[in-house]
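Here it is, the structure in full.
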Amino acid sequence: MSRCVIQVINPNTSQAMTATIGAAATRVAAPGTEIVAVCPSQGVPSIEGHFDEAVATLGVLELIRQGREQGVSGHVIACFGDPGLLAARELACAPVIGIAEAAMHLATLVATRFSIVTTLPRTLIIARHLLQRYGFEHHCAALHAIDLPVLALDDAQGLAQHKVREMCIQSKRQDGSGAIVLGCGGMADLAQTLTQELAMPVIDGVSAAVKMVESLVGLGLGTSKHGDLDYPLDKPLTGVFEGLR
Amino acid sequence: MSRCVIQVINPNTSQAMTATIGAAATRVAAPGTEIVAVCPSQGVPSIEGHFDEAVATLGVLELIRQGREQGVSGHVIACFGDPGLLAARELACAPVIGIAEAAMHLATLVATRFSIVTTLPRTLIIARHLLQRYGFEHHCAALHAIDLPVLALDDAQGLAQHKVREMCIQSKRQDGSGAIVLGCGGMADLAQTLTQELAMPVIDGVSAAVKMVESLVGLGLGTSKHGDLDYPLDKPLTGVFEGLR
Amino acid sequence: MSRCVIQVINPNTSQAMTATIGAAATRVAAPGTEIVAVCPSQGVPSIEGHFDEAVATLGVLELIRQGREQGVSGHVIACFGDPGLLAARELACAPVIGIAEAAMHLATLVATRFSIVTTLPRTLIIARHLLQRYGFEHHCAALHAIDLPVLALDDAQGLAQHKVREMCIQSKRQDGSGAIVLGCGGMADLAQTLTQELAMPVIDGVSAAVKMVESLVGLGLGTSKHGDLDYPLDKPLTGVFEGLR
Amino acid sequence: MSRCVIQVINPNTSQAMTATIGAAATRVAAPGTEIVAVCPSQGVPSIEGHFDEAVATLGVLELIRQGREQGVSGHVIACFGDPGLLAARELACAPVIGIAEAAMHLATLVATRFSIVTTLPRTLIIARHLLQRYGFEHHCAALHAIDLPVLALDDAQGLAQHKVREMCIQSKRQDGSGAIVLGCGGMADLAQTLTQELAMPVIDGVSAAVKMVESLVGLGLGTSKHGDLDYPLDKPLTGVFEGLR
Amino acid sequence: MSRCVIQVINPNTSQAMTATIGAAATRVAAPGTEIVAVCPSQGVPSIEGHFDEAVATLGVLELIRQGREQGVSGHVIACFGDPGLLAARELACAPVIGIAEAAMHLATLVATRFSIVTTLPRTLIIARHLLQRYGFEHHCAALHAIDLPVLALDDAQGLAQHKVREMCIQSKRQDGSGAIVLGCGGMADLAQTLTQELAMPVIDGVSAAVKMVESLVGLGLGTSKHGDLDYPLDKPLTGVFEGLR
Amino acid sequence: MSRCVIQVINPNTSQAMTATIGAAATRVAAPGTEIVAVCPSQGVPSIEGHFDEAVATLGVLELIRQGREQGVSGHVIACFGDPGLLAARELACAPVIGIAEAAMHLATLVATRFSIVTTLPRTLIIARHLLQRYGFEHHCAALHAIDLPVLALDDAQGLAQHKVREMCIQSKRQDGSGAIVLGCGGMADLAQTLTQELAMPVIDGVSAAVKMVESLVGLGLGTSKHGDLDYPLDKPLTGVFEGLR
């Protein structure tokens, strides 16, 4: 496998979370892989709903376009709602992987059913919709929210991390699942420790997505440009969107 | 029913299509209803894919916020992919209805199964995803694309209109459906004529959505602010997004 | 919108419930709409199972035929199981709307998921089957029964109303739903109060159905007579059914 | 197995079809089984839509009640739409089997997928709804209608029989199904011949239902009276329905 | 009905369980039916997972081939996971019925929804997959495991039987189901007593499968040899598999 | 990533196909990955149905056990029906990936919908069942069979390869899919050429599965041993199965 550059996009504007995500990505990257972790210069500091996703999507697309121009080998959208995924796939020719889909896909390969542990209850509907879209409704045994906002994961005191761990332990006891999917990019650094402590796969989407991109790149497969993911039609974008395509 | 002001948002920037949509909305509006047809000042001239939708969503949200501040009674998102629908619902307290959902809902009330006639083949996947999301996969017997871009509907020669009509006739003969849903806001002016010519319901989403908003307003029902459609969390939006919420 | 006459059919023979239903319908009717609330002269006093529905269906069809002959603009079937809905649609050319479908449809337009609160547990299966038929299984988060018969809602002491309210409060706390659907025509007068008290949409199907009929009438759409909802084939009905078609 | 009396109910009023159905039932009945083929004294001469089904259901229920009072061992509803099935189950304590469900169930036991051949296209929606209700959507590869009314099967010239045979042959060639379900009680006498001629299972619901009733009776299983199929609640039925329960 | 010989295959090697299964089968067999209960001479003593199923499948196929050569009228696979069902159908021309499918099918004919009571929690996934495959996901209200291994049912002290009974009582109280399916061939002797004690259908798959085979034999229907269940292609099997086909 | 040894199991006994599969696996293996391609010493020469799968599963399990004892990093089951997948996962602690699942998963990451091109029509049902099990029914637009047996792919004249290519071209023209999945391990060497010729992703499961194993190994994730994929219970296997666990 030749040199592989993966653009890991944190769709929110938090530098701390971008660093966490970038570190998690780097930790699992194959020898030949370079991770470029980026976040938009403008947008929302965290993503906890459809509005936040819609806003963040513009930043994602701007970064995808930049990545494409820089010739990166693949892109990761590192927010658990996979905001802008299909739009990004239209814009890119390289693979584009969302961290929710990556984690969900891999979870179905190591367990018959999995549970999801995420941040705020209001984001659960986004996970539910993704399960339906990706075809994994029957593979998800339960969804849990720790009821803390995303940015609590940046807090040095670790309350959010504590709650994630508690919820994972409870999930293991109750759900009858064989694996747990961590439902937020900001939890990327918890997966390995929890996997060992709980003695079951606890899956982080960021690292999962990096491996999926590496896989597709290694197979010479990019996003299909035949059919409905072809490049956006050539139309004059106006205003702040000029030059986005 | 007291005075009802419905903001009809054409998510693309085409003035001609905004006029078509506004006229269709006005034609069916109840006596007490005022239609305010608007489109974004910047964005994409037509919407034919996920990228276009993502870009258009920002304009939709900006207009939703304006409409909310103006105290409108409800909002219509007049593009068949219902771009930004759930984000708009978070932003609004009044009802927000997409034209695809409105047309699909009503079609299931007058026929056991319906067909969809839309513009470019690449938009079919958007309709498929909406059918899945809304629960109407079993109610849709067939999807057809006339293979002309959206803006061909603005063309004075009427080739697109001709093709829509041909496709509807073919659909009636083949699909075993009891109704046809027109899959583009730019087809809003064709529904009534085709309904009469084909002697079966041919449903335009723009007018359907206006009636759905009137219905919800008449019932005193707005978008639920309990749970996952509550207002976006109060976070500092930066750059061009400042003030969007 | 020209004059609109909506026949609201209470499928059971309870005059008190017919009055409740008629009042709820009238309360939300648009200025140009006249409500004609009727119930069969023979049948069952309340509907709490498939047998009751089958019996009530005959009365519904007789009334639909009468309404059609009187030239009404549309019909509402005001029992939460929507008994005889597709048979009624064959018989009618105007729109026919069931209150379960009306409430469920509208609930999906104001919330991502809804709960149902109904009367006896044995009727839950009817609601489940309708959710499947209409496509809303994924939109319904929970079903609850207050475990009192339908006619308890006619009781002046208000025990049933009290239990409905308690159940709605519990549902709001537990289900993660954004809206509640009231699962009985006899609860029609509770929706508005509960919507305000609970600060979330609590939806009554009777008023919802009235607005759906008004919507379809306003759009010039009737039940499709192309295909499987065409008029019943012309065959000699015998016995008590003579003249029913 | 002690003596078993199976009431085979033809829901329409055609004596000729009742005879066909009775003969088919008798042909497969086990030694200890007595077939009592009946049809309502009033109703519809054939069933080709939801309206016809609703009318026929009353006759079915009246006969179920009579059968119950006579102490029959089980009931068959011999019309492919299984009209009134759940209402009949409430009324009965013995097993009640519809011929559509019987044929579909058995088809899934001898083939991975089956096709349906029925009469008029307008009845296809009824079969589709049953497939959904019974859970066999994925097991049905194709539905075909010969486009002749039910009573054409009573015609001595045999045109309908010819068309059924042609359609079965075509289905075998095209559908990739391993079995064919005949979608009308009036086709009951064709199954055996076609099974042999086509060298694949061609399944008639009447005989299938008889065997299902025998099976349940042999196992000492009746319709569950625990829960939602319990006897109808004791309420005063009025008019022509008096005494129906 | 002429003489009918049903080969009842216990896929595990437990003689005690084979006797239990054979007795249950014999108890319900019609007068003309002979039960031949067999088990493999080598394999696994009990089946509690996919590995056990895979091993047991070979023994099942060997016995199916023998049964076919002996000219039996039909085959029953008497393990609740229905191991090797489709492979057995390829090998046989007579009907082959699994006890899980038989019990589930019959449960849907006497109740709107059923519950399952089985042995170890790790086997629940097998039941879930069968529900999906057979189309009965919506018909199953709950799955319960008594958390004792299969062979505990052979224990004279009856602890497992006690736990099954307790679980059935709890299921009746909680699940809202109208019937219970016993999820293990070793529970075959419990169904009749529990049906009477609980006053609701408690269904054993062994006896259910016997009746399903009798039904198909009585109808002259065997496993379809048209299409994907045709005999295995003629290829040289090697090693221990020589002569298996 | 430390050294990674992937055992690639061809479940049939064809040495030629094992070589093809091994070569395809080696071609995409990452620098640190060693491919060990094996096939059973006894079993079936090709797999074209459920019976063949059942026989081949034993060989797969025997090889999985050997691989586990040799300490391989992961296992690939290189037959498109993924025979014995869940049984193998019980036996292994390292990841086990089937080539059908690998190809289907990756196809959903580069296209909204995919088509499948496989060998004999009788194997289509296996692919259909896997689509259902894995959750990808909505992602598969069409299934095609070239109607040649698996071993035709070993034929030097290349007729099968020619037919695969023709079918892929036809699929691209007709199906509206963005990717094609090759439905047989013996087609592993065709994917890269076809991807380039057709200018769309044509995905081979063998190479896909290798990358999925590498991904899981790189993430430190193995098959979950918590819950229903835990090691088989410790029970005495007898006869030829002794020592298999």
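Each chain gets a letter, A, B, C, D, E and F, in the order it is written, and its residues are counted from 1.
Going forward, a residue touches a chain if its C-beta (ideal position, glycine included) is under 8 Å from a C-beta of that chain, and two chains touch if they have at least 3 such contacts.
Not measured: the values here are computed from a predicted model.
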Quiz item: Hey, what chains does chain D share as contacts with chain F?
Solution: B, E
Exercise. Report same or different for the chain A and chain B interface, where same means the shared residue numbers exceed half of all residue numbers found there.
Key: same
Exercise. Sort out for me whether E-F or C-E is joined by the greater number of C-beta contact pairs.
Key: E-F
Quiz item: How many angstrom lie between the CA centroids of chain A and chain D, rounded to a whole number?
Solution: 52
Quiz prompt | Whole-Å separation of chain centres (CA-atom averages), chain A against chain E | solution = 44
Quiz item: So which bits of chain C are touching at least two other chains?
Solution: 86, 89, 112, 121, 124-125, 132, 138, 176, 227-228
Self-check item: Chain contact topology (line, ring, star, complete or other)
Solution: other
Quiz item: Chain pairs in touch?
Solution: A-B, A-C, A-E, A-F, B-C, B-D, B-F, C-D, C-E, D-E, D-F, E-F
Practice problem: Show which residues of chain C lie in contact with chain E when the two form their complex. | Solution: 121, 124-125, 128, 132
Self-check item: In the complex, chain A residues that touch chain F
Solution: 1, 28, 30-32, 86, 89, 95, 97, 101, 105-106, 108-112, 134-139, 172, 176-179, 192, 195, 198-201, 203, 207-208, 211-212, 214-216, 218-229
Self-check item: Partner chain F, residues of chain D touching it in the complex
Solution: 112-113, 138, 176
Quiz item: Quick one: in the complex, what on chain F touches chain E?
Solution: 13, 41-46, 48-55, 57-58, 61, 84, 86-87, 89-91, 121-125, 129, 132-133, 149, 227-228, 230, 232-233, 235-241, 244-245
